[in-house]
């Protein structure tokens, strides 16, 4: 049985795993990310791969990272949370560990994992996935393969324009979907509501020690699940915008399945309910025609390792 | 040399042509569309095909029409400007003329023509095209083929959300791009400006006999080309929104080429200048990376016939 | 007891009444409006006044009309539904009937009637009223008097900007509140929903003979009152925007009372419920402070006659 | 000649002055604000007043502060930058210094100063002023007096809704004008542009030591005046939104004069040019009618002291 290694390089941790050809993770390894040191981040990746590969017949290595990857899947052109700029990661790691390596954008990696082994495993042709983390990432599968784009930078779904002149995005524009359907937006909505209507947000504010500015994403999830109305409304706001963008994907790509992933999915129907209602309302004029079902992701955090390993298998 | 026939079924005319394998139209035929009579519209198509096929070795027939076509390219599920509802057009025409037939959405047909023989002929892999007519149509080529979608209804680009709570769209939603970057929007912008600032719109109002409500698209084009500032601004407004949607396409699909077609393209730089500026501004954060060039379509009205014929060749 | 006459000049009818100093209408008269004939419209007003004044001790005449009135309340500068342009209405009518005359904008007249005898009669200082007809009119009472403005044109509330780049307004701008909180908007919302979701709008469509384009305001009201969900949502949309503008009025003017008038008020809580919720949400950050109550108007159509007569009493 | 004292209580300094009945400041005093200590802030105000009043015949004291003041101008209900909550400032200071005291909102104070002695001194009846600082404040003069509102909280112009679902405001809502036409917005626009297009923002980035996040308002002003295009565009964005809100004021209140004050006014035509163009465009449909002129404030920082002193004179 051929094994491959997947590595998920995040802003705070490097997680790796040995994965078999059914998408199962057999062994795991994990290190902190020395995020602001280019050389050390590479070394930590190599450590993780070396630890996992030792004593096993490993065929190839896949690495997923947030950022723009060049069209040959070799070089990280730009990574927002790491110090990499035009970093030839594939060549460096491959030389160090003596195995074939592929580098892929983390949103693409997660989408691929869900397409192969998760929420989209019954789709044989097409799937679009939004990954809702601090920001919004995306991945598009068409014709049974990841859409990479002419320059390697397709599926940058977080920067679709959503509200003209809307909230300032880190990218410089006003009104990207990342400012309305991300974990950051969830927290911003919840903090604002807690400042505006503290008497309705007592449960949430209690978790935050009484300080609206101390509210975090996990607090909003916990409070919402406990019945806090302000937290539930914050999820509903995110869902409303997310549903709109999912509808745009249906209009543009008409995929078999639409998937929503990332940490916020743990909130379950608190997020997915408003998301589906907004999606269906936006597509009401197509009501006689079939449209893609919207589903939550199934693989959670493991999607990064599983997807990267599975892409390496296809090298 | 194998010949195919392309038929472009519009709301006011049925245009057909015999096309060779270099995309050249050898012979043409044309009839008025009896738009509100299902049976007569079919008969007119058959008349056009019969006229063109008689005395020639024709391999197949392609028909392009505005509307939703089913995934097998056989049945028109819904056509906004014609009376067709679940119309089995392929079977009907094929039986009548004794040739293989394919039915395709008109936005897809035009995109295919431009990809093969027009503004995108140097692209071998991917292209996205917006067709700006009364409404906004679209076509997406990926991997060298039209993207048809899981249900046959991909590339409905006119109904991407652009302005939340914006102008009411015929589809029932508020704020679709069709309400901001179409020929109808151009006329609406120009009429409004002429009512609001008649002293600046004298050239345009003269063409319209002094009545803002009598302004038409061709008048706006003519006045803009003659230097009328109000008409030029109407084109700039359309271009501003169009550039935003083209940027969304670059973010989502990262194609090799982006094409703008439809009658408004005759306005040249009056439309394309503002479109490109808005596109570039929206993608400024990607300035170090290559992005698709935005080009005007090259085939004009002939795209419908050429594209349909070329798709028929691939049957 | 001193009597005055009020005349309400609408686009379709001229209604007059003799009013006593408690705001009661003692006698009425009514004619059709010859809207496109300047001279005839004046003559009809004079006929109505003459009929009402004959055999009664009448002190003065007040005339309310849609349009811009000059700062001396003498001349109609512009009337959107009538042919008047710089029409010296006060001088003309006064000369003809031998009584003092005042001319006032219809939104101001209605606000004054409600302030004196209707929903704002307990307010001694300030009130703002939105009149929701085909368009949106307004009237502002401050310091116990109508706010007329430096040029006579204050309280043009219908043309506050609500949605940047939103629905095209008749005035030439995009996104005035008149496009979101008027009777026209109600019908537009309802028609769109009926086209988009015909299966949910069966009750409404039945009233309209199956044609979405045949839906009228009274049909939406009737259907909403009968439980039609699509019609109720159309009222909720209007209410949502209206509540936002009422909140702006509270932020800008902090009046004692806010009043909503016009035909749509007959829908009762279907309109007022969503309006109040939107208003309160927009002012949530002021929750510890008192803000004006939002009330429906009480005088209905009679406000035009009563208000004009009462203003004439103050000449 | 009767003298009064004006005190301007800001978040960082308490400035006082003795003012004569022509609006001239004869003597000044100044202390740092101990912003987070309620009792100390009161004591500093008393120190400033005592220093100024000693040895002079002073008639009364006016105090201006950011926040909501109750309808009797006695109690600070809430101050965003100070620790005051339901602070009976009038009674406290009056008792301590033995003089009549009035407390007024800082936006109102500045508007009053400009109406009496500055940009609005030729208006005898009405004026609206926007004060553009970190946030957006406002003051409205109607009938020759400040509009205070039924609850003392009129002219909260910073929280008019401008962009539905727009940038999150500190007040909890999305899209208040304070997020689009304030000093904070100016900096946000400039930082975003510097991140997005660093090559065009070299002059501005040089002032900020190369760091977009280090850009401040004074840097944007300096760079804009030196010809930096990115900084000029940031002012133009602020002006575009400000012009829209000024137009709303003309539609609602039709005042004699509109004034723009606050630190950003130092940028001169860089701000006022785009502001006036946006204002005129929004009112184009009223082009035949007179509308208020838009002017920059004339008194600068001194408006707080002069206005408070002049209001005290009217006690």
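First chain written, first letter: the chains are A, B, C and D, and each begins at residue 1.
To be clear about the criterion, a contact is a pair of C-beta atoms (placed from the backbone, for glycine too) under 8 Å apart; a residue touches a chain by one contact, two chains touch by 3 or more.
The structure displayed is predicted, hence computed values, not measured ones.
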Joint neighbours of subunit B and subunit A, given as chain labels: C, D
Centroid comparison with subunit D (C-alpha atoms), farthest chain: B
Of C-D and B-D, whichever chain pair has more C-beta contact pairs: C-D
Centre-to-centre distance between subunit D and subunit A (centres being mean Cα positions), rounded to whole Å: 44
Mean-CA-position distance for subunit D and subunit C (Å): 35
Interchain centroid distance [CA atoms averaged], subunit B/subunit D, Å: 52
Multi-partner residues of subunit A (each touching 2 or more other chains): 163-165, 171-173, 195-197, 284-285
Residue ranges of subunit A touching subunit D (in the complex, touch as defined): 163, 165-174, 180, 188-189, 192-193, 195-197
Contact set on subunit C toward subunit A in their complex: 164-165, 195-197, 199, 284-285, 287
Contacting residues of subunit A [partner subunit B, same complex]: 68, 77-78, 125-126, 138, 140, 142-143, 147-157, 159-164, 171-173, 244, 247-248, 251-256, 282, 284-286, 288-292
